[in-house]
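Two complexes, one shared chain (chain A), two partners (chain B, chain C).
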Partner chain A sequence: MNLFVLLTLLQDGLTTGAIYLLLAVGLLIVFSVTRVIFVPQGDLLALAALTVAQLEAGSVPGTLWLLDALAVLAVLADLLAGSRWRALRWLPVPALVTLATLFGPRAAAWYAMPLGLAIITPFGPLLWRLVFRRAAGATMLTLLILAMALHFVLEGAGMVLFGPDGAATAPLTEAAFAVGPLTLSGQSLAVVGLCAALVALLRWFFGATIEGKALRAAASDRLGARLVGIDAARSGGLAFALAAFVAALSGVLIAALTPIGYDTGFAIGLKGFVAAIVGGLVSYPAAAAGAVLVGVLESLGSFWASAYRDVIVYALLVPVLLLLSWRGRRAGEET
Partner chain B sequence: MIRPAVLALAAALILPPLLPPFYVTLAAYVGLAAIVATGLVLLTGISGQTSFGQASFVGIAAYAAALLDGRPFTGLLAGLAAAGVVAWLLGFITARLSGHFLALCSVAWGLSFYSLFGTLPWLHGFNGIGGIAALPFAPGPRAGLAVVWAVVALGLWGAQNLLDSRSGRALRALNGARLMAESMGVDTVRLARGVFVLAALYAAAAGFLFAHVQRFISPTPFGLTASIEYLFMIILGGADRLAGALLGAVLVVVLRDALTDWVPRLTGAPGSYEAMAFSLLVIVMLHHAPRGVLSLLPQGRAAAPRPAAPPPPPPVQPIAAAGGEPVLLLDRISRRFGGLAANQDVSLAVHAGEIVALIGPNGAGKSTLFNIASGVLPPSAGSVRLFGRVLGALPARRRAALGLARTFQHVRLLQGETVRDNIALGAHLAGRAGMLRALLRLDRAEEARLRAAAEAAAARVGLADRLDTPAGDLPLGQQRIVEIARALCLTPRLLLLDEPAAGLRHLEKERLADLLRQLRASGMAVLLVEHDMGFVMRLADRVVVMDFGQTIAAGPPAQVRADPAVRDAYLGGVA
Partner chain C sequence: MRPSLFAAVAVVASLAAAGAQAQIRIGAILSISGPGAAMGVGYKGAFDFLPAEVAGQKIEYIVRDDATDAQTAYTIAQKLIAEDHVDAIIGPSLYSSDVAVQPLANDAHVPMIAMAPLVPVPEKFPYSFAVAQPLSLMVAAVFRHMQAAGVKTVGFIGFSDGWGDQVHAATVTAAAAGGIALVADERYARADTTVQAQALRLIALHPDAVMMGNSATPAVLPVVALRRLGYRGGIYGNHGIVSPAFIRVGGAPVDGVIADTSPVAVYDQLPDGNPIKPVASELMAAYTKKFGPASVNPFAGYSYDAMLLLANAIPAALKVAPPGTDAFRMALRDAMEHTHELVGVSGIYNMSATDHNGQDARAAVLVEVRHGEWTAIH
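And now, the complex of A and B:
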């Protein structure tokens, strides 16, 4: 391998690493607020990529009808749980998105991407309402199993709605810059820039806005947050909305670099999870370092031993977990 | 209530001759899944270690059986050995992890083994290995079915024995109460690793049978999806009970099969909707029974025979002569948390046959000192001498073996277990039987001895008539008394009690004081943290008062009560 190949691989690694970071952040938000490991995040990523690809091709994606169906189910669930007019709050956003899809411009790349994000993001709170909220008091293991089951449901939905073929989305930019012998792709730069900007935005959101502070309070002490009037159900919905948005954006960005199929999301989401673990599931800067490490390792791994590249990434966990277990002998244990 | 092992044995006898041919295979699959799920109940449901990798162990043993085809007994031993060794090695990592770290770690090895099964050339990749011989002593599918269900029964019988033993009690404590278990002398890391290996061996036994019953193997049934299905089984059935493994295996395998049969007929599109429909069903079932379908059934807890009258409390054995060298000596202990000095130069001695009370306002540093004495926290400076030995970083478990027992300020009992089982956990160090002896039921004499010790301790604290009550059903004050009984089971020379009288009614306090006086007379040393002044002043030989991390007074109760510094600390300077 020469320096040129190495640099190209590093560029790839950094780009995917930035996306893993986004996913890690989404997982951290959901986990700290609701104790749910959001396994289906990867599936939302795939659904977003496939949705945008169809919008770019000028057809109406099946996820739109899935969204409407989920919204109706959420209204019914709320009505069954005894609420009245408030149950209707699930309808406006999906209705608006449906209208925007049906009557908006067709096959326009600039329109397809934001529209795709708007279709997938409401999945977060809807899935929270329909799947997780009812089990909010259950053990973490039950929540994890629910998340796994939801993963299979969404993966199946992807297969039914979009078929087995992968799809690619249009890149944000076709530009490329020559730096010495190396070609920097504009898309890579855009991805890294966007991810950095989004992480900074989230930092601001959690540090400076009242909604963000409420989420942090709900994350650090559920009961205390409820006592000062923070609505636990609302925090959960918001956390899931953020995670779904982040997943959708990651999906659109990554599908411009490599085709995404209905079943590719899970593995990508898992690597975001690896990044989050490498960051100790606690700190955002450490998760960033972990994400870049995972991305670079994967990129180098696929060059040297492509059959084993996933094994290499997961093997990274072993020293990290060993280190964690040495440091705090009972990671995650009660004090 | 019929034991699940008996049910499985009945299935082994009844099913093979009666079932129509199509259902013979299905019933064999249910049995194979039940074997893996039984191990997983022990690992995940009972001891709280989530594994997304059990199918890997099934695969390891199945491949061993396929490669050693023709020599089935060698194949069985090789499969068990290979799975056991891999689990033992992985156990170095997993036994120290808990919660989601372990879950993710298991996903990682689950995926890695699957990828190895698919890529290693000598395993024939995704073409698989066919033409494996049937079991030598069970040539037909019906005989195979009988063998499978006999193994299910054997596995359930062993697991049932294990749960009803010294190791079983400690396993339950692994689930969220490791600190308490360590204080009772349980080596939790070793135990966690042991149950991990055991669950892998259950999976390996199923893998061996799978290869010889199905007679063809490929990587697919050993992937992550299969591992997740095993977890679905125990969660749907009821993860904390063995019957849950059996019920879950039936539910999942039969449901899956029915859906594969029916969904395409309804939708007209084969192969798209089954996985979805199945997972949707899982979600709906979990919404209605988050603790498993088993928890919905009416359950008759087997009423244990009760002694007509509680036996009289046994006489207290003298354990040491009063006075002499201090049993516990804390010498100039300091402990800092960042900038906060919780303890500064605190010294304290407790002698045999003496009750020392540690009092002080909230935040004075009492609990920190208590945790340093019991080995939960290391001191920043100073030394701890216990029974004349200087203790460095000796862990809580080893201190328990030396003769130190403690209770907790926030009660740490296994809420769903009976008072008897909770107390018997204190007798852990009085027994030696390991998991293997428990599985084979060779520990009965010892187990009877431990139970007798637990019942004696219960009688001594006045809980003889509550032995079969789940600990969580007792009022909080009584739960503290259960903790004291558990500590007494360790036959300690030094007893550390953290607010033992909190939540007790007047008469109960009197009874507790009497008990502590008896223990003192036997030569036991007692150190207690307590807020009830009347209780402390009537009982203690010496009182040590702390404020802002320092000792401000020490001496006999009357002297301390008169001390102006103590009055300042409690009532504010002006009074």
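And now, the complex of A and C:
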């Protein structure tokens, strides 16, 4: 292995690592606020990629109608639960997105990408409202089973709406830079750059805004947060919106590098989960390190023993879980 | 799956049940939903164009979906044999389902025509037949092209699953037969997002050509990675990649990729003297009229050929015994074994007591991506 190969592998590993980082952050946000392991995140990633690909082809994606249907269901659910005018709050965003799709220049790449994000992001709060909110007090196992079920439903929806073939989206940039012997692809730089920007933005959001601080409070102590007047349902919806947004963004970014099919998302989401586990499902910096580690390990693993690549990545979980449980027990003994 | 398809299957099934006067019953096990649905749609579509009557006998088709699951296929086969008393089974269309159903059909003396590339072993399973080209036959066609192009070394990259293993095994055999050295075996998973590392490794070995053991849209990954890294050798694939989606997703980098496919997939590009051309053109004219010009696929051809084999054997079997009897099914099997120069849309069949597939080199056509189209090369 010479320096050129090593650098190319590192570039590749960092690019996928950045995607896993986004997914790990989404998982952490949802888990810390609601105790849900957001398995369907990978499916939202795939749906976002397929949605943007279909928009770029000039047609109206089926996910738009799915979004509208979910919004109507959410209104009905709120009405049944006894709320009146407040139930209508689910409608404006899907309505705007629908108008923007039907009457906007949807085939243009600069328009299709943000539009795709706008279609998929509201799935987060809607799914939270329809699937998880009633079960908010349930055990983690119940929530996990709900999340798994939702994964199968969304994957099936992807198959029905987009068919079995994979799709690719237009890259953000075709540019490539020669640095010594290495060719840096513009798309890779864009992925890493966007991820860094998003992480910085989230940091600001959690550190400097009331909404962000409320989320952090809800994450660290739900009962305490409710006592000081933080709406638990609202913070749950917000956490899901954030997770859906980062999943959609990952999907759009990655679909320019590799074809995404309706069933591709789960495996990618699982890698993000491995990264989040490295962070013990609580620590953002550790999860970020985990994501980069998974990306680079994957890249190097593919080079040395391509048939065992996934084995290598998932084997990483064993020492991490051992260490976490050992530390957990120590902490348990101390208190 | 699309509800309309389910509805259609249900309606067909209920109509068939109402008019249970049909003389010959043929069961079909297809993967219409689940991961194999992309192909299942093609297998299923052909049933609209299968004959309703053969030699004066009405044919009743009982089409079932195994949801791309061998266990389900096994249960369906049990029911088809024990409750529906079928005279023959078309399918299963999934390889693992074929393997699961095969012993059951053979024990019950029900001829089955596998539609995945199963290699029948008549000595062990005398009632098993197959219409999909054996992988060895397809890969051999690709390697003949490599030989003619002067390729001396070839690197392999494929899926890290059963399909990758099967294509790799066929590649090993074909490379040895053609005097070509196989220098690498790189693998990746269907859901992988990058094959940069495997491509780097291949390029470091400087093979004259690369053979791919993958399928569907994830197959564009190695092509794009190799071309981006400046690889200039030939890139070859198997018939699993031949679909419009491969070109749509792959774009310009996949230009020049060469693969084998079934004749029916490029029926309109076959040379005029090819006996398969008129048969395939007739089927696809009706098929594309119903399902649209982009619906051409090799899988519909397998369903069609399976029924062609049966229809060709039914008259002889009718002379021995009436349908629904053990003697009829045995006679049907015997007659199928004597199929001679039967022209289907996927190849030309010559069965014997030792060969229950009966296809030869005429069942493989080479295609190349040229200007964004799969173009037959001769």
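Going forward, the second predicted complex is superposed on the first by the 328 of 335 C-alpha atoms of A that agree within 3 Å, B and C clash if a C-alpha of one lies under 4 Å from a C-alpha of the other, contacts with A are read in each partner's own complex, and residues count from 1 in each chain.
Note that a contact is a pair of C-beta atoms (placed from the backbone, for glycine too) under 8 Å apart; a residue touches a chain by one contact, two chains touch by 3 or more.
Treat the numbers as computed from the prediction; the structure is a model and nothing was measured.
Trainee: For A:Leu317, using the defined touch cut-off, is the partner it touches chain B, chain C, both, or neither? Pick first, second, both or neither.
Mentor: first
Trainee: Kindly classify A:Met148 by the partners it touches after superposition: chain B alone (first), chain C alone (second), both, or neither?
Mentor: first
Trainee: State whether A:Ala307 touches chain B only (first), chain C only (second), both chains, or neither.
Mentor: A:Ala307 sits against chain B and chain C alike.
Trainee: Check the residue A:Thr16 against both partner chains and state whether it touches chain B (first), chain C (second), both, or neither.
Mentor: It touches chain C, and chain B stays clear.
Trainee: Have a look at where A:Thr8 lands relative to chain B and chain C in the superposition and call it first, second, both or neither.
Mentor: In the superposition, A:Thr8 contacts chain C only.
Trainee: In the overlay, answer first, second, both or neither for which of chain B and chain C A:Trp204 touches.
Mentor: neither
Trainee: Check whether chain B or chain C contacts more residues of chain A in the superposed model.
Mentor: Per-residue touch count on chain A favours B.
Trainee: After lining up the shared chain so the two structures overlap, which partner does A:Val160 touch, if you call chain B first and chain C second: first, second, both or neither?
Mentor: Once the two structures are laid over each other on A, A:Val160 reaches both partners.
Trainee: With the two complexes superposed on chain A, say which partner A:Ser299 touches: chain B (first), chain C (second), both, or neither.
Mentor: Once the two structures are laid over each other on A, A:Ser299 reaches chain C alone.
Trainee: Which partner chains sit in contact with A:Thr264 here, chain B, chain C, both or neither? Use first/second/both/neither.
Mentor: Only chain C; A:Thr264 stays clear of chain B.
Trainee: Touching chain B and also chain C: which chain A residues?
Mentor: 159-160, 307, 310
Trainee: Chain A touches which residues of chain B in the complex?
Mentor: Residue list for chain B touching chain A: 44, 50, 93, 96-101, 103-105, 107-109, 111-112, 115-116, 119, 176-179, 228, 231-232, 235, 239, 272-273, 275-276, 278-280, 282-283, 286-287, 290-291.
Trainee: List the residues on chain C that touch chain A in their complex, please.
Mentor: 1-2, 35, 37-38, 160, 186-198, 200-201, 204, 216-218, 220-221, 228, 243, 245, 248-249, 251
Trainee: Chain B touches which residues of chain A in the complex?
Mentor: Touch residues, chain A against chain B: 31, 37, 131, 134-135, 138-142, 144-146, 148-153, 155-157, 159-160, 270, 273-274, 277, 281, 307-308, 310-311, 314-315, 317-318, 321-322, 324-325, 329-335.
Trainee: Along chain A, where are the residues that touch chain C in the complex?
Mentor: Contacts found on chain A: 5, 8-9, 12, 15-16, 19, 159-160, 163-168, 185, 254, 257-259, 261, 263-264, 266-268, 299-303, 306-307, 309-310.
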